[in-house]
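Consider the two complexes below, in which chain A is the common component and chain B and chain C are the respective partners.
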Partner chain A sequence: MPVFKTPFSGYSVKFSPFYEHRLAVATSQNFGILGNGRLHVIDLSPTPSPSPISEFAFFDTADGLYDLSWSESHDSLLLAAGADGSLKLYDLSLPPQSNPVRSLHEHSREVHSSDWSPTRRDSFLSSSWDDSVKLWTTDRPASVRTFKEHAYCVYSVAWNPRHADVFASASGDCTARVWDVREPGSTMIIPAHEHEILSCDWNKYDDCCLVTAAVDKTIRVWDVRNFRNPVAVLSGHNYAVRRVRCSPHARNLIMSCSYDMTVCMWNYMSEDALIERYDHHSEFAVGVDFSVLVEGLLASTGWDEMVYVWQQGMDPRAP
Partner chain B sequence: MAMRELVTGGAACAVPGSSSVANPLSNLANALIGSSSKTQERLKEIPTSTTAGSHGQFNSDHDDFSTTLPGSESDYQQNQHADGQGLAFLDSYHATNRAGLADAWDEIQHQRNTYRNEEGQTHLTESGLIYNQGPTAQTQLSFNGTPQKILSSFLHSFVNSSCGDFPFRPTALPVLGLTKGEKRCIRDRSSIMARHFFSDKSDEFINAQVDALLCSLDIDNNIQAMGSLPWRFSDLENYWTESQGAFATSPPAERWVTEYEQQREHVDPGGWAHLFNQQHGPSGWASEFGDEQSQITSVTQIQGAHISNLAAMEQSRLLASTLAQNNDPKFQNSKFLQFVSKMSRGELFIEDNQVQSSSVSVAEDWATEYKKHYIAGLSETDQHAHKELSYGPDKWVHEFATGSKQHELVDDQWADEFSKLHVQDWVEEFGNQVGKGALGEDSTDSWAAAYDEYLSEQVATKRRLDSSKGIYVFSDMNPYVGHPDPLKEGQELFRKGLLSEAVLALEAEVIKNPENAEGWRLLGIAHAENDDDQQAITSMMKAQDVDPTNLEVLLALGVSHTNELEQAAALKYLYQWLRHHPKYGALAPKELPDSLYYADVARIFNEAAQMSPEDADVHIVLGVLYNLSREYDKAVTSFKTAIKLKPRDYSLWNKLGATQANSVQSADAILAYQQALDLKPNYVRAWANMGISYANQGLYEDSIRYYVRALSMNPKADNAWQYLRISLSCASRNDMLEACDSRNLDVLQKAFPL
Partner chain C sequence: MEKAINRQKLLLDHLRPISSAKQNFDASLSASSCIAGDSSAYQRSCVYGDDVVIVAAYRTALCKSKRGGFKDTYPDDLLAPVLRALIEKTNLNPSEVGDIVVGTVLAPGSQRASECRMAAFYAGFPETVPIRTVNRQCSSGLQAIADVAAAIKAGFIDIGIGAGLESMTINPMTWEGSVNPRVKDFSHAQNCLLPMGVTSENVAHRFNVTRQEQDQAAVESHLRAAAATASGKFNDEIIPINTKIVDPKSGEEKPVTIYVDDGIRPNATLSELAKLKPVFKKNGTTTAGNSSQVSDGAGAVLLMKRSVAVCKGLPVLGVFRTFAAVGVDPAIMGIGPVVAIPAAVKAAGLELDDIDLFEINEAFASQFVYCRKKLDLDPEKINVNGGAIALGHPLGATGARCVATMLHEMKRRGKDCRFGVVSMCIGTGMGAAAVFERGDAVDDISNARKVEANRFLSKDAQ
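Coming up: the complex of A and B.
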């Protein structure tokens, strides 16, 4: 299975929605605590070859990068979320010296996550340690809106897969919130965990199903029409759950990674929810993604400076 | 106890060279405020390097790097250096001859013996190289990249300490040359992240871990900036509830609670934080005022012990405003937040390690109310409860002030206060002069002594003034006593602009007819225009005693109190003005609420302005209110509207100018003052204000001329003398200081003709 070594600690990995062989990785020096950042774009070779994985491009930044998102409208466009509070837009079709094509600096603290709208394809969101979420479009130099209700760092933000105006945010204030960009404030406040919530994602098959992951080591599945009780509580990680993703191919499949250094696959509808546990990282696992174009193709990255791409059910470390 | 750590800043390892840390509250605020501005000190963006060919990420090929990155020769050399460092690294480690270091290294190695293989070293070297592209290159160059590696492995062992239960021990590290911004980065990020990866551990453990990290890196770890807030405050609340436990059962306490609840209901429960935010405006205004307007007003404004209190107030205001932005209802109801907010409003201050209610706080004040019930509660509870209770506040205070003796506290805060007031330039200037030998050693000492003397004199004056607050001090020799119609004479003199003379005549009038409200009012206005707000307030209060509903008196009192930064009083009078106004009286609720909230008053006045947009007075009051809340742009707009309606009102031009000066538009302010002076050439206050604006722009010579002009018209304007002294020092005119100290106007007027 392809393995890629990055010079810095991996923070986020995402498959390109346009090319089945392409991924991007956001990395930060010194675990993101201090130092530079680098955005890698890597390609998988279609056939087994001496180098199953190769670097297509990389971009250096002065501060660490905590997240990235591929554009849903242009195959060459991608967005990096910086620890210096900036969002940077890179165009792979342009020469390096003209990149980043845009640097959006409005957040006053670290931008911890970003998400490109799959439905409204010129828009993207960013969430930051300055407690706010910002909405951007590619044609504007400044943010369209700022959503500031959370009382602590907003660690994650995710567009609803079906409703173009709806998104969810997860914060260290122990709430997840659901927003409609047409409304002035949040439409729903879900006190989802007793601890800081680090990640959230929507089920791609059920527009009312939201998944949250928190420092309390659990993943919770919520029906936003009735959020008094979670639909499911997934326990199994031994440390805070850092990121959670819903499968684009199966309604009941959830992938997560944690500070316990493992990546877990869950079927939240089954009694024994934990399907698989991958123990391939030697440091905190902080980035995971499903390939939209190839069913079962997974990627993960972590603070061990490694990026793994593997087929579900296989050993990521198998040669 | 978590709370103890919060307020003492976990002083386990005091960091040399950190900012003065006497007041734990200020530490907390420092930490909070410092962290939010950290991005400004961040590294500059690196010009993007080219897209390296495949596998570029591993290469140790120097050429590749020196071309792809805008590296200088030194970078290149460094790269070579670093390349051969595989083994040399350990040697150099030992060579530093610090046992602690070697131990640390061994420990790191022991934990993760697989971590640093040959390849890993190369990476780090590269990363060190890239890192050095930032502005920090100079500081890091001398270490040949090693600090980067030390830092990296050190952070690694920190991050990894979450896997075992072993505490992360502080270690002596060589100087890494981290910049302030970098340190702040490490502090903020590590404390936030630590909460994620030490999810199992207690707060104490997490804090100890982070403290150890920061301590080793020589980072000011007073409080872990942002990471600690939400949990800490719930702890605090618990603590508070606990410590108030006995108290809560006594009947008066319940009464208090209900009373408090009622009050809360009265003020839009949800918007407490919002209200508070606006309410604490005035002390913020105070600092703004201090910054903008005066270098030395502080000396008069701040009375002896209050020097430290103002600083504490300012710090707690910052803290409170940071907290108040938090929408969490838990925060809004937090007793701690309320405590802090009271401190920021000056209703409580710390003196001799005791929380005191401010002597000026009014009767209906919450603090007084609280205290009253508190004491009432004491008498009724049993002995045990009594004990616990009476120590309650002390405990608070002790925790707030642990480890610092009172005089240290004062010193440090005085220093803080001093530096906040732009006197730094002046101090520098002084240092220069000493360096040049302009002043001998003796004169430095005598200067210090003179300054001390001067300071204590000011404090004494201020105290005397305060104690006599409400008692009008008449001039000793008054030629107008016995004048047949001093009021008429006074009005005449006032119209001619002979303010000092007018004051004397009007004093004669009120001595003759103490019940003459008009006499007192005019006297107040004369004092105000003569730049003496204390006397103005006293006169106006006399006028109000005689005629409690005189609108002009109420308005003038509101303005004067605003000038003296007394928000509660200012709001009270402005509100009464509204109530007694024939037109707007209906807008104001009949009964006067126990405490006025800025937002309520501002809202009512906005309604009034909509009701009759042609009434200049309403716009004036709005302008004053916006000054209280530091919304200077709005204030400027209000005053400009009023000026359109009353273009000949010189005092309006002066207000506009003062507002513009407050919002750092000194040049515009000068134009406004000029207008005021064109309308009324003997307007002492405008002359003095003009000087302040010039001084704020660094034009000290000019400012001196205006101060001297103002003083030639009213030699009793104490403030102006102090401004003058500052400007003389700033302009290096030490030759004139003696003339200033002896208040020799002739000499000064000759030296600085306008």
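Coming up: the complex of A and C.
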């Protein structure tokens, strides 16, 4: 299985929505606490070869990078979320010296997550430790809107896969909120956990199904039409759950990574929800992603400076 | 470097499942002592067993001091009949009363406390029932009720009586001994010595309340009180007092029964009031006609835990919701209600618009008109049966009198009249207000407000 060693601690990994062999990794020096950042774009070789994974490009930043998003409209566009509060847009088709093509600096604190809209393809969101979420489009130099309701860091934002105007946010104020960009305020406040919520994602097959992950070590699945009780509570991680992703290929499949250094695969509709546990990381596992183009292809990264790409069910460390 | 420390701290919080951050968010929520909020999108009035409810409220007639019906009546003979009425009309065993608090202002403290204790015996209370007095000047009667409500809330007692008593015939307003010369250095302290009428002139002058407005308010007070008396509205609340009147010339004693307020002038007119001379200031506006009358009287209110009232099968006249006492500049002490009313209403989780009836003491027409204007209140909701200008202002008894008058009026008005506020200004610069809710207001249909847009969440969460 391909393994890529990054010089800095991994923070986020995402598959390109255009090329099945391409990934990007956001990394930060010194565990993201102090130092530089680097954005890697890596390619998997189509055939087994001496180097199964190779670096296509990388970009250095003055501060750490906490997240990234691939553009849904152009195969070469890439967005990085910076610890200095900036969002940087990179174009892989341009030479390194003309990158980043745009640097959007509005957040007053670390940007912790970004998400490119899969339906409204010129728009993307960012969420920050300054308690706000901002909406941007590629053609504007400044943010279109700021959503400021959370009382603490917003750790995660995710566009609804079906409704172009709807997105969800997860915050350290122990709430997840659902927003409609046409509305002045949030349309729903879900007191989803009693601890900080670090991540959220929508089910790609059910536009009312939201998944949240929190410091309380659990992942909760919600039907936003009736959020009094969660549809499912997935426990099994031994520390805070850092990131959660819903499978683009199966309605019931959820992947998560945690401060307990493991990556877990869940079937939330089943009684024994925990399907697989991967303990290949030797430090906090903070980034996971499903490949949209290749079913069962997974990627993860962590503070151990490693990026693993593997087929579901296999051992990520297998040679 | 600070940034790095912050990042470290934040990430460390992720590893500590006991989130310290959470407590900080809770701190931004504040408790409201009343959850009966009309302004909420849904019915929130719940019948709690530990609500403090009022099951009976009575008063004597109010009579002019020195010339009126109680000029030859001992103060304890005013209080005893209203205390007895509470027991008789509710069939309560007097030994079950946990405490009696009497608001009283002008009489010497210890003597009045003894008189009250004696009055309780006259009224038929056993020696086991304690009694005390409280003095917060003009709001003493309301303060007594609030004290009893607080004691019930605190669990000290289950049943208590808040009362008020004043005989301004026997105890006129005086100052005994000399005044500490230090007051000259403290303007606020100095202003505490101002005659009340001067503070009224100050209010009228500072807030531009005209003589005409004041006289108009006085006429209205008389006319409303006269109408209420004529239609027998006060019959529910007034306890007739059997007493005597001594003819000042012949010295002849005559037994009488007093059951009508004797200060009301049904034929009061603006032109008549306009002829009166200002008393406190040359070119002033405060006259005998647009000030409260100097009176004798008493009132008493029986409070208990709702669960106790339910056990005894007593009808609930009203629920005591909140009380607030505030301080203002002593030189314009009349503005007290402007500060006190919003405070009490806010503590009840309500807005001014939610209040259906006000009983604001008319110490002076100047301050009454100012308070009404400043709070932008509907005159049709305030003192609907007249106020102290017509009925009289027996200082310590006024609070209990207002509560009795208001609760009986709320009862007559029915379920549309849900919340009532009693308030008064207080000499030396204070104000007090209390919010009452009618007892049978727990009704989903008439009280629940229409929900404008269902956004799945409580209005409070926005």
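Here, the second predicted complex is superposed on the first by the 319 of 319 C-alpha atoms of A that agree within 3 Å, B and C clash if a C-alpha of one lies under 4 Å from a C-alpha of the other, contacts with A are read in each partner's own complex, and residues count from 1 in each chain.
Note that contacts are C-beta pairs under 8 Å (C-beta built on N, C-alpha and C of every residue); 3 or more make two chains touch, one makes a residue touch a chain.
No experiment lies behind these values; they were computed from the predicted model shown.
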* Is this a clash or a fit when chain B and chain C both end up on chain A? -> clash
* If you stack the two complexes on chain A, which partner ends up touching A:Ser51: first (chain B), second (chain C), both, or neither? -> first
* For A:Met188, decide between first (touching chain B), second (touching chain C), both and neither. => second
* To do: Using the touch definition from the top, say if A:Phe167 reaches chain B (first), chain C (second), both or neither.
  => neither
* Which partner does A:Trp136 reach: the first (chain B), the second (chain C), both, or neither? -> neither
* To do: Could you look at A:Trp310 and tell me whether it touches chain B, chain C, both or neither (first, second, both, neither)?
  => neither
* **Partner chain(s) touched by A:Thr61 [first = chain B, second = chain C, both, neither]** => first
* Asked: With the two structures laid over each other on chain A, which partner does A:Lys217 touch: chain B (first), chain C (second), both, or neither?
  -> both
* Stretch of chain C, among 7-15, 43-51, 115-123 or 133-141, that runs into chain B once the two complexes are superposed -> 7-15
* Residue overlap on chain A between the chain B contact set and the chain C contact set? -> 31-34, 83, 110, 129, 151-153, 172-174, 195-196, 198, 215-217, 239-240, 242, 259
* Structure fact -> chain B residues touching chain A in their complex are 36, 38-39, 42-52, 54-58, 69, 114, 123, 126-127, 130-131, 134, 151-152, 155-156, 159-160, 162, 178, 182, 185-186, 188-190, 192-193, 195-197, 199-200, 226, 229-230, 326-328, 331
* In the complex with chain B, residue positions of chain A that touch it -> 5-8, 29-36, 40, 51, 54-63, 83-85, 96-97, 99-100, 103, 108-110, 129-130, 149, 151-153, 172-174, 195-196, 198, 215-217, 239-240, 242, 259, 282-284, 303, 305
* Any idea which chain C residues touch chain A in the complex? -> 1, 3-4, 7-8, 10-11, 13-17, 19, 21-22, 25, 28, 455-457, 461-462
* Structure fact -> In their shared complex, chain C is touched by residues of chain A numbered 31-34, 83, 110, 129, 151-153, 172-174, 185, 187-189, 194-196, 198, 215-217, 239-240, 242, 259
